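The next part holds the structures, each set out as C-alpha coordinates.
Below, chain A partners chain B and then partners chain C, in two separate complexes.
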Partner chain A sequence: MNPAARKKALRYFFQKVVDPLGYKFTPDEELAEFCLEQEVILERRYGVPFCPCKRITANRYEDMQIVCPCIPFHREHFDAMKRCWCGLFVHKDVVDPATLKQVSEKKFRKG
Partner chain B sequence: MKTVKVFALSTCPWCKKTKQFFQDRKIPAEFFDYDLAGAREQEELLAEMERFGGGNSFPLVLIGEEAVEGYDPDQFCDLLEIPK
Partner chain C sequence: MLIEVARVADIADGGMIAVSVKGKEIVICNYEGRFYAVSRACGHLNAYLNSGTLDGYILTCPLHFAQFDITTGEALSGPVPPDPDPLHATADLKTYPVQVKADTISIDI
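And then the complex of A and B:
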(Lines of atoms letter the chains of each structure in order from A and count residues from 1; the text may use other names and numbers.)
(Lines give C-alpha, C1' and ligand atoms only; values in the text may rest on other atoms or scores of the structure.)
Protein backbone atom coordinates (compact mmCIF):
# COMPACT_ATOMS: atom_id res chain seq x y z
CA MET A 1 0.00 0.00 0.00
CA ASN A 2 1.50 3.35 -0.92
CA PRO A 3 2.22 5.81 1.91
CA ALA A 4 -0.60 8.21 1.04
CA ALA A 5 -3.15 5.40 1.04
CA ARG A 6 -1.75 3.99 4.29
CA LYS A 7 -1.89 7.44 5.90
CA LYS A 8 -5.55 7.67 4.89
CA ALA A 9 -6.24 4.22 6.32
CA LEU A 10 -4.56 5.13 9.63
CA ARG A 11 -6.71 8.26 9.83
CA TYR A 12 -9.83 6.11 9.35
CA PHE A 13 -8.82 3.49 11.95
CA PHE A 14 -7.51 5.99 14.51
CA GLN A 15 -10.67 8.10 14.31
CA LYS A 16 -12.72 5.03 15.31
CA VAL A 17 -10.51 4.49 18.36
CA VAL A 18 -10.07 8.03 19.67
CA ASP A 19 -13.61 9.34 19.17
CA PRO A 20 -15.17 7.28 21.98
CA LEU A 21 -12.25 8.36 24.20
CA GLY A 22 -13.23 12.01 23.75
CA TYR A 23 -10.33 12.87 21.47
CA LYS A 24 -10.06 14.12 17.90
CA PHE A 25 -7.26 14.76 15.41
CA THR A 26 -5.43 17.99 16.14
CA PRO A 27 -6.78 20.96 14.19
CA ASP A 28 -3.11 21.64 13.33
CA GLU A 29 -3.24 19.89 9.96
CA GLU A 30 0.48 20.27 9.31
CA LEU A 31 1.31 18.53 12.58
CA ALA A 32 -1.27 15.80 11.96
CA GLU A 33 0.06 15.08 8.49
CA PHE A 34 3.67 15.03 9.69
CA CYS A 35 2.92 12.67 12.59
CA LEU A 36 0.95 10.32 10.34
CA GLU A 37 3.73 10.29 7.74
CA GLN A 38 6.23 9.38 10.45
CA GLU A 39 3.94 6.62 11.70
CA VAL A 40 3.66 5.15 8.20
CA ILE A 41 7.50 5.09 8.13
CA LEU A 42 7.67 3.52 11.59
CA GLU A 43 5.02 0.97 10.65
CA ARG A 44 6.99 0.03 7.55
CA ARG A 45 10.18 -0.30 9.63
CA TYR A 46 8.77 -2.06 12.72
CA GLY A 47 5.41 -3.39 11.55
CA VAL A 48 3.58 -1.15 14.01
CA PRO A 49 2.65 2.59 13.93
CA PHE A 50 4.56 3.62 17.06
CA CYS A 51 4.34 7.09 18.57
CA PRO A 52 6.89 9.24 16.68
CA CYS A 53 8.05 10.91 19.90
CA LYS A 54 8.68 7.93 22.16
CA ARG A 55 11.65 5.59 22.38
CA ILE A 56 11.11 2.09 20.96
CA THR A 57 12.69 -0.17 23.56
CA ALA A 58 12.30 -3.61 21.90
CA ASN A 59 10.63 -4.65 25.15
CA ARG A 60 7.22 -5.90 24.06
CA TYR A 61 5.38 -4.84 27.25
CA GLU A 62 6.77 -1.30 27.13
CA ASP A 63 6.45 -0.87 23.36
CA MET A 64 2.82 -2.01 23.42
CA GLN A 65 2.12 1.18 25.39
CA ILE A 66 3.36 3.48 22.63
CA VAL A 67 1.41 1.98 19.75
CA CYS A 68 -0.70 4.77 18.30
CA PRO A 69 -3.29 5.71 19.44
CA CYS A 70 -1.64 5.16 22.83
CA ILE A 71 -4.15 7.31 24.77
CA PRO A 72 -5.63 4.43 26.82
CA PHE A 73 -2.18 3.64 28.29
CA HIS A 74 -1.56 7.26 29.33
CA ARG A 75 -5.11 8.42 29.93
CA GLU A 76 -4.63 10.50 33.10
CA HIS A 77 -1.47 12.17 31.84
CA PHE A 78 -2.93 13.00 28.44
CA ASP A 79 -6.25 14.16 29.89
CA ALA A 80 -4.29 16.58 32.08
CA MET A 81 -2.54 18.00 28.99
CA LYS A 82 -5.71 17.73 26.86
CA ARG A 83 -3.48 16.19 24.20
CA CYS A 84 -1.35 13.14 23.62
CA TRP A 85 2.43 13.39 23.85
CA CYS A 86 3.07 13.87 20.12
CA GLY A 87 0.03 16.14 19.78
CA LEU A 88 -1.65 14.11 17.03
CA PHE A 89 -4.78 13.91 19.19
CA VAL A 90 -6.41 16.56 21.36
CA HIS A 91 -9.53 16.71 23.47
CA LYS A 92 -12.67 17.32 21.40
CA ASP A 93 -13.21 20.79 22.94
CA VAL A 94 -9.74 22.07 21.96
CA VAL A 95 -9.86 24.89 19.41
CA ASP A 96 -6.24 26.15 19.46
CA PRO A 97 -3.76 23.30 20.05
CA ALA A 98 -0.86 25.78 20.18
CA THR A 99 -2.01 26.69 23.69
CA LEU A 100 -1.47 23.10 24.94
CA LYS A 101 1.89 22.44 26.60
CA GLN A 102 3.85 19.20 26.80
CA VAL A 103 4.17 18.32 30.48
CA SER A 104 6.47 15.42 31.24
CA GLU A 105 4.90 12.42 32.93
CA LYS A 106 7.29 12.88 35.85
CA LYS A 107 6.16 16.48 36.33
CA PHE A 108 2.52 15.46 35.91
CA ARG A 109 2.83 12.74 38.59
CA LYS A 110 4.45 15.25 40.96
CA GLY A 111 1.30 17.40 40.49
CA MET B 1 26.26 30.48 28.67
CA LYS B 2 25.13 27.05 29.95
CA THR B 3 25.77 23.98 27.78
CA VAL B 4 22.72 22.75 25.90
CA LYS B 5 22.15 19.18 24.71
CA VAL B 6 19.03 18.09 22.82
CA PHE B 7 18.18 14.40 22.68
CA ALA B 8 15.72 13.85 19.87
CA LEU B 9 14.08 11.45 17.47
CA SER B 10 14.16 12.18 13.76
CA THR B 11 10.44 11.28 13.61
CA CYS B 12 9.37 13.69 16.36
CA PRO B 13 7.84 17.06 15.36
CA TRP B 14 8.48 18.59 18.80
CA CYS B 15 12.13 17.67 18.54
CA LYS B 16 12.29 19.65 15.29
CA LYS B 17 10.60 22.63 16.99
CA THR B 18 13.08 22.36 19.88
CA LYS B 19 16.08 22.36 17.55
CA GLN B 20 14.58 25.33 15.72
CA PHE B 21 14.16 27.19 19.03
CA PHE B 22 17.92 27.07 19.75
CA GLN B 23 19.03 27.59 16.14
CA ASP B 24 16.77 30.66 15.68
CA ARG B 25 18.32 32.24 18.78
CA LYS B 26 21.85 31.17 17.78
CA ILE B 27 22.26 29.36 21.07
CA PRO B 28 25.06 26.81 20.76
CA ALA B 29 23.64 23.33 21.34
CA GLU B 30 24.49 19.71 20.62
CA PHE B 31 21.77 17.66 18.92
CA PHE B 32 21.54 13.87 19.12
CA ASP B 33 19.03 11.89 17.02
CA TYR B 34 18.70 8.78 19.15
CA ASP B 35 16.91 6.72 16.51
CA LEU B 36 19.57 7.38 13.88
CA ALA B 37 22.47 6.45 16.18
CA GLY B 38 24.18 3.07 16.16
CA ALA B 39 23.62 0.56 18.95
CA ARG B 40 26.72 1.53 20.95
CA GLU B 41 25.96 5.23 20.75
CA GLN B 42 22.30 4.58 21.66
CA GLU B 43 23.48 2.89 24.86
CA GLU B 44 25.60 5.91 25.76
CA LEU B 45 22.81 8.37 24.90
CA LEU B 46 20.28 6.37 26.90
CA ALA B 47 22.59 6.17 29.92
CA GLU B 48 22.97 9.93 29.89
CA MET B 49 19.23 10.54 29.46
CA GLU B 50 18.43 8.15 32.29
CA ARG B 51 20.94 9.95 34.51
CA PHE B 52 18.64 12.96 34.20
CA GLY B 53 15.46 10.98 34.75
CA GLY B 54 14.51 10.75 31.08
CA GLY B 55 14.88 8.17 28.36
CA ASN B 56 11.45 7.33 26.97
CA SER B 57 9.86 10.58 25.83
CA PHE B 58 11.41 13.06 23.44
CA PRO B 59 12.62 15.73 23.21
CA LEU B 60 14.82 15.72 26.29
CA VAL B 61 16.79 18.94 26.70
CA LEU B 62 19.70 19.31 29.09
CA ILE B 63 20.49 22.92 29.98
CA GLY B 64 23.49 22.89 32.28
CA GLU B 65 22.57 20.26 34.82
CA GLU B 66 18.80 20.68 34.45
CA ALA B 67 16.62 18.44 32.27
CA VAL B 68 13.44 19.47 30.45
CA GLU B 69 11.34 16.72 28.94
CA GLY B 70 9.13 18.03 26.14
CA TYR B 71 8.99 21.22 24.09
CA ASP B 72 8.77 23.98 26.72
CA PRO B 73 10.17 27.30 25.42
CA ASP B 74 9.26 29.14 28.62
CA GLN B 75 11.35 26.77 30.67
CA PHE B 76 14.19 26.88 28.16
CA CYS B 77 14.24 30.69 28.53
CA ASP B 78 14.05 30.52 32.33
CA LEU B 79 16.97 28.10 32.56
CA LEU B 80 19.04 30.09 30.09
CA GLU B 81 18.00 33.34 31.77
CA ILE B 82 17.05 34.93 28.45
CA PRO B 83 13.92 36.94 27.67
CA LYS B 84 10.88 35.03 26.44
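And then the complex of A and C:
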Protein backbone atom coordinates (compact mmCIF):
# COMPACT_ATOMS: atom_id res chain seq x y z
CA MET A 1 0.00 0.00 0.00
CA ASN A 2 1.19 3.43 -0.93
CA PRO A 3 1.71 5.75 2.10
CA ALA A 4 1.15 8.87 -0.02
CA ALA A 5 -2.28 7.64 -1.14
CA ARG A 6 -3.18 6.76 2.45
CA LYS A 7 -2.09 10.19 3.69
CA LYS A 8 -4.34 11.75 1.06
CA ALA A 9 -7.24 9.57 2.24
CA LEU A 10 -6.64 10.50 5.89
CA ARG A 11 -6.63 14.18 4.92
CA TYR A 12 -9.94 13.65 3.14
CA PHE A 13 -11.60 12.01 6.17
CA PHE A 14 -10.05 14.28 8.81
CA GLN A 15 -11.03 17.45 6.99
CA LYS A 16 -14.69 16.45 7.28
CA VAL A 17 -14.34 15.95 11.03
CA VAL A 18 -12.28 18.97 12.02
CA ASP A 19 -13.96 21.57 9.83
CA PRO A 20 -17.24 21.70 11.80
CA LEU A 21 -15.18 21.83 15.00
CA GLY A 22 -13.54 25.09 13.90
CA TYR A 23 -10.17 23.58 13.09
CA LYS A 24 -8.09 23.23 9.92
CA PHE A 25 -4.89 21.48 8.94
CA THR A 26 -1.83 23.39 10.05
CA PRO A 27 -0.37 25.65 7.35
CA ASP A 28 2.99 24.14 8.29
CA GLU A 29 2.95 21.54 5.50
CA GLU A 30 6.13 19.85 6.66
CA LEU A 31 4.66 19.17 10.10
CA ALA A 32 1.34 18.04 8.64
CA GLU A 33 3.05 15.58 6.30
CA PHE A 34 5.25 14.28 9.11
CA CYS A 35 2.32 13.70 11.50
CA LEU A 36 0.24 12.02 8.81
CA GLU A 37 3.14 9.80 7.86
CA GLN A 38 3.43 8.62 11.48
CA GLU A 39 -0.30 8.01 11.61
CA VAL A 40 -0.11 5.86 8.50
CA ILE A 41 2.54 3.75 10.25
CA LEU A 42 0.44 3.50 13.42
CA GLU A 43 -2.65 2.62 11.43
CA ARG A 44 -0.78 -0.13 9.66
CA ARG A 45 0.34 -1.56 13.00
CA TYR A 46 -2.81 -1.11 15.08
CA GLY A 47 -5.53 -0.66 12.47
CA VAL A 48 -6.30 2.80 13.85
CA PRO A 49 -4.61 6.15 13.12
CA PHE A 50 -3.67 6.99 16.70
CA CYS A 51 -2.26 10.40 17.60
CA PRO A 52 1.48 10.07 16.93
CA CYS A 53 2.37 12.28 19.90
CA LYS A 54 0.56 10.42 22.67
CA ARG A 55 1.25 7.15 24.40
CA ILE A 56 -0.84 4.11 23.55
CA THR A 57 -1.73 2.52 26.87
CA ALA A 58 -3.53 -0.70 25.82
CA ASN A 59 -6.46 0.57 27.88
CA ARG A 60 -9.22 0.73 25.27
CA TYR A 61 -11.12 3.57 26.96
CA GLU A 62 -8.01 5.74 27.10
CA ASP A 63 -6.72 4.77 23.68
CA MET A 64 -9.99 5.60 21.93
CA GLN A 65 -9.51 9.17 23.15
CA ILE A 66 -6.33 9.56 21.14
CA VAL A 67 -7.64 8.39 17.78
CA CYS A 68 -6.91 11.21 15.36
CA PRO A 69 -8.56 13.68 15.12
CA CYS A 70 -8.95 13.53 18.91
CA ILE A 71 -10.19 17.13 19.26
CA PRO A 72 -13.67 16.23 20.64
CA PHE A 73 -12.06 14.41 23.59
CA HIS A 74 -9.73 17.27 24.51
CA ARG A 75 -11.76 20.22 23.32
CA GLU A 76 -11.17 22.65 26.20
CA HIS A 77 -7.46 21.97 26.34
CA PHE A 78 -6.94 22.29 22.57
CA ASP A 79 -9.16 25.35 22.30
CA ALA A 80 -6.99 27.06 24.92
CA MET A 81 -3.86 26.29 22.86
CA LYS A 82 -5.62 26.97 19.54
CA ARG A 83 -4.06 23.74 18.28
CA CYS A 84 -4.21 20.03 18.90
CA TRP A 85 -1.43 18.45 20.89
CA CYS A 86 0.63 17.51 17.80
CA GLY A 87 -0.12 20.73 16.00
CA LEU A 88 -1.59 18.84 13.05
CA PHE A 89 -4.77 20.88 13.48
CA VAL A 90 -5.03 24.53 14.43
CA HIS A 91 -7.92 26.94 14.90
CA LYS A 92 -9.19 28.28 11.59
CA ASP A 93 -8.02 31.81 12.43
CA VAL A 94 -4.39 30.76 12.99
CA VAL A 95 -2.00 32.01 10.32
CA ASP A 96 1.35 31.40 11.99
CA PRO A 97 1.29 28.11 13.94
CA ALA A 98 4.87 28.67 15.17
CA THR A 99 3.53 31.24 17.65
CA LEU A 100 1.29 28.69 19.40
CA LYS A 101 2.62 27.11 22.55
CA GLN A 102 2.10 23.57 23.77
CA VAL A 103 0.68 23.55 27.30
CA SER A 104 0.59 20.24 29.14
CA GLU A 105 -2.86 19.01 30.15
CA LYS A 106 -1.78 19.00 33.81
CA LYS A 107 -0.73 22.63 33.65
CA PHE A 108 -3.89 23.54 31.76
CA ARG A 109 -6.12 21.87 34.39
CA LYS A 110 -4.32 23.70 37.18
CA GLY A 111 -5.04 26.96 35.35
CA MET B 1 -15.54 -4.31 -26.03
CA LEU B 2 -18.10 -1.83 -24.63
CA ILE B 3 -21.06 -3.34 -22.86
CA GLU B 4 -24.05 -1.39 -21.56
CA VAL B 5 -24.51 -1.99 -17.87
CA ALA B 6 -26.75 0.71 -16.41
CA ARG B 7 -28.49 4.02 -16.88
CA VAL B 8 -27.11 7.20 -15.34
CA ALA B 9 -30.33 7.60 -13.36
CA ASP B 10 -29.80 4.17 -11.77
CA ILE B 11 -26.92 5.40 -9.60
CA ALA B 12 -27.31 8.51 -7.45
CA ASP B 13 -24.30 10.66 -6.59
CA GLY B 14 -22.33 8.80 -3.92
CA GLY B 15 -24.11 5.56 -4.75
CA MET B 16 -23.07 2.31 -6.36
CA ILE B 17 -24.57 -0.80 -7.91
CA ALA B 18 -23.26 -4.27 -8.61
CA VAL B 19 -23.45 -5.70 -12.10
CA SER B 20 -22.43 -8.99 -13.61
CA VAL B 21 -20.88 -8.77 -17.05
CA LYS B 22 -19.40 -11.71 -18.96
CA GLY B 23 -18.91 -13.60 -15.74
CA LYS B 24 -17.19 -10.68 -14.05
CA GLU B 25 -18.63 -9.14 -10.90
CA ILE B 26 -18.24 -5.37 -11.02
CA VAL B 27 -19.30 -2.37 -8.92
CA ILE B 28 -20.19 0.88 -10.70
CA CYS B 29 -19.68 3.94 -8.47
CA ASN B 30 -20.92 7.48 -8.93
CA TYR B 31 -18.37 9.93 -7.56
CA GLU B 32 -19.57 13.50 -8.03
CA GLY B 33 -21.22 12.69 -11.34
CA ARG B 34 -18.30 10.68 -12.67
CA PHE B 35 -18.61 6.93 -12.94
CA TYR B 36 -15.96 4.38 -12.03
CA ALA B 37 -15.99 0.60 -12.32
CA VAL B 38 -14.01 -1.66 -10.01
CA SER B 39 -14.13 -5.36 -9.21
CA ARG B 40 -16.84 -6.26 -6.74
CA ALA B 41 -14.70 -8.55 -4.60
CA CYS B 42 -12.67 -6.90 -1.87
CA GLY B 43 -8.92 -7.23 -2.35
CA HIS B 44 -8.65 -8.66 1.17
CA LEU B 45 -11.11 -11.53 1.52
CA ASN B 46 -13.48 -11.08 -1.44
CA ALA B 47 -16.42 -9.56 0.45
CA TYR B 48 -18.96 -7.79 -1.76
CA LEU B 49 -17.89 -4.17 -1.87
CA ASN B 50 -21.25 -2.88 -3.07
CA SER B 51 -22.49 -3.59 0.47
CA GLY B 52 -19.83 -1.27 1.82
CA THR B 53 -19.79 2.51 1.91
CA LEU B 54 -18.66 5.01 -0.68
CA ASP B 55 -17.37 8.27 0.77
CA GLY B 56 -16.08 10.53 -1.98
CA TYR B 57 -13.53 8.49 -3.91
CA ILE B 58 -12.99 6.02 -1.06
CA LEU B 59 -14.79 2.69 -0.99
CA THR B 60 -14.81 0.89 2.36
CA CYS B 61 -15.36 -2.86 2.61
CA PRO B 62 -18.27 -3.86 4.86
CA LEU B 63 -16.47 -6.87 6.29
CA HIS B 64 -13.11 -5.68 7.65
CA PHE B 65 -13.10 -2.03 6.54
CA ALA B 66 -10.26 -2.19 4.02
CA GLN B 67 -10.40 0.93 1.88
CA PHE B 68 -9.85 1.47 -1.84
CA ASP B 69 -9.50 4.39 -4.21
CA ILE B 70 -12.19 3.80 -6.84
CA THR B 71 -10.43 6.04 -9.36
CA THR B 72 -7.31 3.88 -9.44
CA GLY B 73 -8.35 0.66 -7.67
CA GLU B 74 -5.48 1.17 -5.26
CA ALA B 75 -5.78 -0.34 -1.78
CA LEU B 76 -5.52 2.57 0.66
CA SER B 77 -5.60 0.55 3.87
CA GLY B 78 -5.92 -3.02 4.96
CA PRO B 79 -8.40 -4.68 7.29
CA VAL B 80 -9.09 -3.47 10.82
CA PRO B 81 -7.65 -4.87 12.99
CA PRO B 82 -4.65 -5.72 10.79
CA ASP B 83 -4.62 -9.26 9.42
CA PRO B 84 -1.44 -11.00 10.63
CA ASP B 85 -1.68 -13.65 7.90
CA PRO B 86 0.59 -12.60 4.99
CA LEU B 87 -1.61 -14.70 2.69
CA HIS B 88 -4.40 -12.21 3.37
CA ALA B 89 -2.51 -9.16 2.12
CA THR B 90 -4.90 -6.62 0.62
CA ALA B 91 -4.65 -6.49 -3.17
CA ASP B 92 -5.61 -3.57 -5.37
CA LEU B 93 -8.96 -3.73 -7.15
CA LYS B 94 -9.17 -4.27 -10.87
CA THR B 95 -10.58 -1.22 -12.63
CA TYR B 96 -12.51 -1.07 -15.89
CA PRO B 97 -12.79 1.85 -18.32
CA VAL B 98 -16.24 3.44 -18.20
CA GLN B 99 -17.96 5.35 -20.96
CA VAL B 100 -21.09 7.45 -20.48
CA LYS B 101 -23.08 8.33 -23.58
CA ALA B 102 -26.36 10.17 -23.22
CA ASP B 103 -27.87 8.37 -20.23
CA THR B 104 -26.17 5.04 -20.72
CA ILE B 105 -23.19 3.72 -18.78
CA SER B 106 -20.98 1.20 -20.57
CA ILE B 107 -17.94 -0.72 -19.41
CA ASP B 108 -15.04 -1.75 -21.56
CA ILE B 109 -14.26 -5.42 -20.92
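Please note the rule applied: the second predicted complex is superposed on the first by the 110 of 111 C-alpha atoms of A that agree within 3 Å, B and C clash if a C-alpha of one lies under 4 Å from a C-alpha of the other, contacts with A are read in each partner's own complex, and residues count from 1 in each chain.
One rule holds in what follows: a residue touches a chain if its C-beta (ideal position, glycine included) is under 8 Å from a C-beta of that chain, and two chains touch if they have at least 3 such contacts.
Just so we're clear, the structure is a prediction, and the values are computed from it rather than from any experiment.
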**OP:** Could you tell me if A:R55 is touching chain B, chain C, both of them or neither one (first, second, both, neither)?
**Re:** first
Subject >> Comparing the two partners chain B and chain C, which touches a greater set of residues in chain A >> reply: B
Subject >> Contacts of A:M1 with chain B and chain C, given as first, second, both or neither >> reply: second
Original post:
First (chain B), second (chain C), both or neither: which does A:F73 touch?
Top reply: neither
Subject >> chain B versus chain C as contact partner of A:V103, first or second or both or neither >> reply: first
**OP:** Once the structures are superposed on A, label A:F13 by its partner contacts, choosing first (chain B), second (chain C), both or neither.
**Re:** second
Original post:
Touch check for A:F34: first (chain B), second (chain C), both, or neither?
Top reply: first
Original post:
After lining up the shared chain so the two structures overlap, which partner does A:Y46 touch, if you call chain B first and chain C second: first, second, both or neither?
Top reply: second
**OP:** Show which residues of chain A both chain B and chain C reach, each in its own complex.
**Re:** none
Subject >> Residue numbers on chain A that touch chain B, as the complex places them >> reply: 31, 34-35, 38, 41-42, 52-57, 62, 85-87, 101-107
Original post:
In the complex of these two chains, what residues of chain C are touching chain A?
Top reply: 55-58, 67, 69, 72, 74-82, 90
Original post:
Which bits of chain A are touching chain C when the two form their complex?
Top reply: 1-2, 5-6, 9, 12-13, 43-48
Subject >> Residue ranges of chain B touching chain A (in the complex, touch as defined) >> reply: 9, 11-15, 34-35, 46, 53-59, 68-72
